[in-house]
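By written order: A, B, C, D and E. Residues from 1 in each chain.
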């Protein structure tokens, strides 16, 4: 029987919980024995390394991994490939990307760009006087964090300087950055802090929807829930509902379930035929797609409504 | 034997002169020479003043650095609101630390109980009031579980709560499926969960009920600790458990009540956090344990137990809040905020130590 | 020694039979008997480690003996904690005092039996009546003349060893109604301070409350004791009347230099 | 005065009979009745056996549950390799805990120093050997900084290291720019940094140098603690610092050396971690502090200081490793792994407490 | 009292002048003098809290006085820690013993002056010579006849109070070369054990090592002391020769019941 491993960043983020669900279903359908692992926190390299080693030891045919550190995990997955396992990166690419046999990912930068473009179009002429708050993840600036943040800024038409650095921009429209730990309580406090810096903020980027929900609460308590745009990335079901509820203006939806099921299918194919999956054209990964979700579509940017999104959320 | 009745001489021969002995006690008045010494002396006699002074100094300092924005009634009330949840946790933590314990599970209990309340009220259709009561009772239960291990199995509090932290954390992930409960769902299904999020204006300030709850919790616990027999027992246990035992305190029962009460306060913080955060997220307050301990130690409560006023923890929480807000408004990077908080802890406690020196 | 006829009059306040207490390998009390009679001062003497502290702790519930039975005023009793003994009016001054250093003198005197305010404040808010407790503590200490503390609110840790001993003794004397145990109450005390404690002991006896006094100081023992319980190798060797024997005899018995007088188990 | 010279009678009259006094001491042999009591007694006299037994039992248990996969030489050597970094940290943590301290900054020192080594060797072109030496010296410095606050400013270790943890963490994020240094860059620029990642086969097992380093660190520290005067002093300080002071130990100097040495061991762990992980990641080992404390307490070293063998921490780390690996291979969800580790901590320490009961 | 001519012969071993030590509000020593002469047993007596422990601690470096000067064998000296005093051959038995409970008797006897193995093992690996230390400790304890411990490797916490006191006293007696300070060494001891300590004191004196003995036990003091230093209210009131005065006098002086004899500051 073919065995496979799924190694996610954490088990506390619903995104990865969804991914695990998808993988488990696909594995059951394809007759693959799946073991799942997760780090204890975002950035827990040690646990992921140990997990890969355990997979090698147990003779897994394939490893699906969301690298918690795109550089740090390269050596161990190289070992895994040498041991004959198919390694597929999910959601986050390795650096270099070809450290894995394939990558099934959302382009996080692209996800950012989409909401940036949407926000710019939505604001129209006001975009020139936008006052932007950026609610990031945490002090250690992991790749998802800077890719989404910089993608959003680029989409909005701001010079991002170093695309791997948060907060090096000098555009006067940016009020400031603060960290949220990706949770609503962090989102709320960060939003309050930035509102204290400049009460006229009218555009808020958030690292994910829980942070966005917190930011919304802060705005509400300041009496500013109207007239401030909140954009986010992820596309979790509660997040899509928040679009419908008018909390969030737009979000970029990812497809963790799809990533996982595709990954399992690829492992099955590899086990049976030895064939490795191909990247999407022009990209160094297989794009599982990003979908902009908003109930206020703008011209030129394809999007779907929250009602449609709810059917697909994290599918 | 003689005609004037004399008391029979008592004791050994050399003790006969004791009746004439002097009753003076050695006592010397001493002037405090320098201003510094005099300040140290005043603070030594009123140790709770220390965090208050640190608070005032940091307020002034950030007022000067960050300007009027910082020093507005609104911003100050905002800080109060921002620290309210960690403040309530710090109150629970203080209770434990005064008994010479430590509780690494406060934040896990808090989040677990907010998830319990949310699941019951929003998804299971239990009336909010009952869901909250169940959550608060769960807090008592979780605290009592800690207390049981500590008093009956005689495990050190650090180890017990290190263990239960993992246990509660796993339970909360399992119950929530790692998903948050949305604010709007709460609004429609069980708005009462958000009770402590309500606020009103007072001058330029915006007072949230969660801030009032925090102050209330501190006042009530202060009263219990200082004005009731139970409170005296809590201090006595932290001071010297064995002596407390021998001098007639039911130490196990008292400790159990302390952990249960702390668990209750954590659950209360869980309820208040729903109002404050607006939604229920299993990811929230992951570092709440350390934050609460930080507030307590900055507030001058001894980790060795038995010393310090619970009010110190309130000021400790406010000091951290003021620092965070002040640094933020002065445009300091998150990175250097972490750095500054590290020094704050060390310096605040160093000042406290200096004041408590015997030579005061 | 007692006559049989007046049994009721002389029911011992405490009677213990065959008490055994082990700490791991060590047997601290090895089938020892014990008896305290109404109104007397019973001195307990013995070498270091003979088990004196252990047996009195067993009597007042501070340790739970492994075997044996204890009768208080003729009724068999099993204490599970010192609190139960306290509630019966038994007080003990421990060798290590058992005071809470950071609490005030008044707080220490009242631990576990605090006075609440009258009326609803005390009843529902459980508010302590601090002034009442402080007054009481001050009275007791003044009465004993044991100390000249500056303030009754002072934490115990700021007192000298002698003063602390004074607080512990005063606490016991103030609340005991059945009997008091004092475990080497004068060990750390100076000549003057020791004398005060001996006077206190006689005072308490004159109030009709019997006292168990553990001490290594033979002159003190012979001065105040009505009977002397000699403890050796974990059990009672004999009890003697200080009027019938000399200090030399007592020391000889307790150190094993001389055979004890034959006597029955009373 | 009489014709046979007699020693002048000494002392008071009642002391004259002392010469004839008996010299017997009360001593009683006692049989252990039940089998359980007998086991308890043996373990009581050899407390280090406890974690060894727990380890053996968990090995057997997981061997049965998870089957041959778990019990292979390869998997067992893998566990050894996986615990090596946390194991080395636990050795440093044990040193501190034996002095009745606690160090919340071990993991931060470790990662900080690995970043220092990497930055110097990979980016600044400093020869690897020198970069490593600087990193190790930095570890000593960071540890000594903790020690300085603890001995000179007299801050409690918990608070000091809570503060320096933030400080070191901020520094490491700043130095690394929160970016990992890639394995390939290390391979080309400074392969010596990865020295401890090398491994060789032995039977079916694959032994990594980092695992050997871990064992070496434990053996050396065990020797120092048990066979040298310094080690006796370390235990004496943990036992009763004031008594140690008065009985002629330079406690401050010894404590400073302990913290410095612990810092050195952390930096060594940092070097080994480069080999183990294959790259340098500023985000890794964020929870290393708690993991190291967990290993120490499961290993039976008392958090109150002065008691327990450092070897216990090695077994403690291995127990956690076996649990993690066993649970993983048995296909237990991560969630329930967290749950199980919580219970492991509580149960392991409860067993330890039971064995140490006086009535053994 | 000394004659001026033979100054060199009688240079005091310790001479202290105008020592002041304050603890916060409390002045524990208030410009006190102190003198220990070669080969003598000097008893220090005084009420509880008079400052006896404080002044001897100042002499041996355990506390650092705020004012005043200390001369050891005529040379002014400033100790910054008890270790410096130890290195000069000064030993002290503290009131609270200062033993490490979890360490063995042998370890406790040698703390801070452990013996290393001969040869390279000791020199480079700093390996302790445990058998040598244990043998030495066993010899010392047997010699003193102070105890009947089962094993020299036993942790100190398993000993009785008297046995512990014995270890502390043996440690001091074994290593002192200049003088020994004993702070109430018999407070917790039984009659027999106290006698052993008094014999030890006389033994040590006969080896020519002077001793400072703090005690509340007048008969003991008058038995062994060559001179008595009476401490009162933080300073030396007077020193008396036990042959010239009675115990009554000494107690009267120390408690303030009688005026001390006029004398010069020597």
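Simple rule for what comes next: contacts are C-beta pairs under 8 Å (C-beta built on N, C-alpha and C of every residue); 3 or more make two chains touch, one makes a residue touch a chain.
This one's a predicted model, so the numbers in the text were calculated from it and none came from an experiment.
Separation of chain A from chain B in touch steps, taking the shortest path, is 1. Where touching is counted per the definition, the chains common to chain B and chain C are D, E.
Chains making contact with chain D as well as with chain E: B, C. Relative to chain C, the most remote chain by averaged C-alpha coordinates is A. Of the two chain pairs examined here, A-D and C-D, it is A-D that is joined by more C-beta pairs in contact. Computed from the mean C-alpha positions, the centre of chain A lies at a distance of 73 Å from the centre of chain E. Taking each chain's centre as the average of its CA atoms, chain B and chain E sit 46 Å apart.
Remark: chain C and chain E have CA centroids separated by 32 Å (rounded to whole angstrom). In chain D, the residues that reach two or more other chains under the touch definition are 12, 14-15, 18, 21, 25, 27, 170, 173, 335, 338. In chain E, the residues touching two or more other chains are 49-50, 191-192, 218, 251, 255. Looking at chain A, one finds that residues 11, 41, 139 touch two or more other chains. Here the chains touching each other pair up as A-B, A-D, B-C, B-D, B-E, C-D, C-E, D-E.
By the touch criterion given at the top, residues 62, 81-83, 86, 92, 94, 96-103, 107-108, 111-114, 116, 125-128, 148, 150, 191-192, 195, 198-199, 219, 223 of chain E touch chain D in their complex. Listed in rising order, the residues of chain D touching chain B in the complex are 149, 153-156, 158-160, 162-167, 169-171, 173-174, 290, 293-294, 297, 303-304, 335-336, 338-339, 341-346, 349-350, 353. Of all the residues in chain C, the ones that touch chain D in their complex are 22-27, 30, 49-51, 218, 233-234, 246-248, 250-252, 255-258. Residues of chain C that touch chain E in their complex: 46-50, 160-163, 184, 187-194, 216-218, 251, 254-255.
Looking at the complex, you find that chain D touches chain E at residues 10-12, 14-15, 18, 21, 23, 25, 27, 223, 227-230, 232-233, 235-236, 239-240, 242-250, 306-307.
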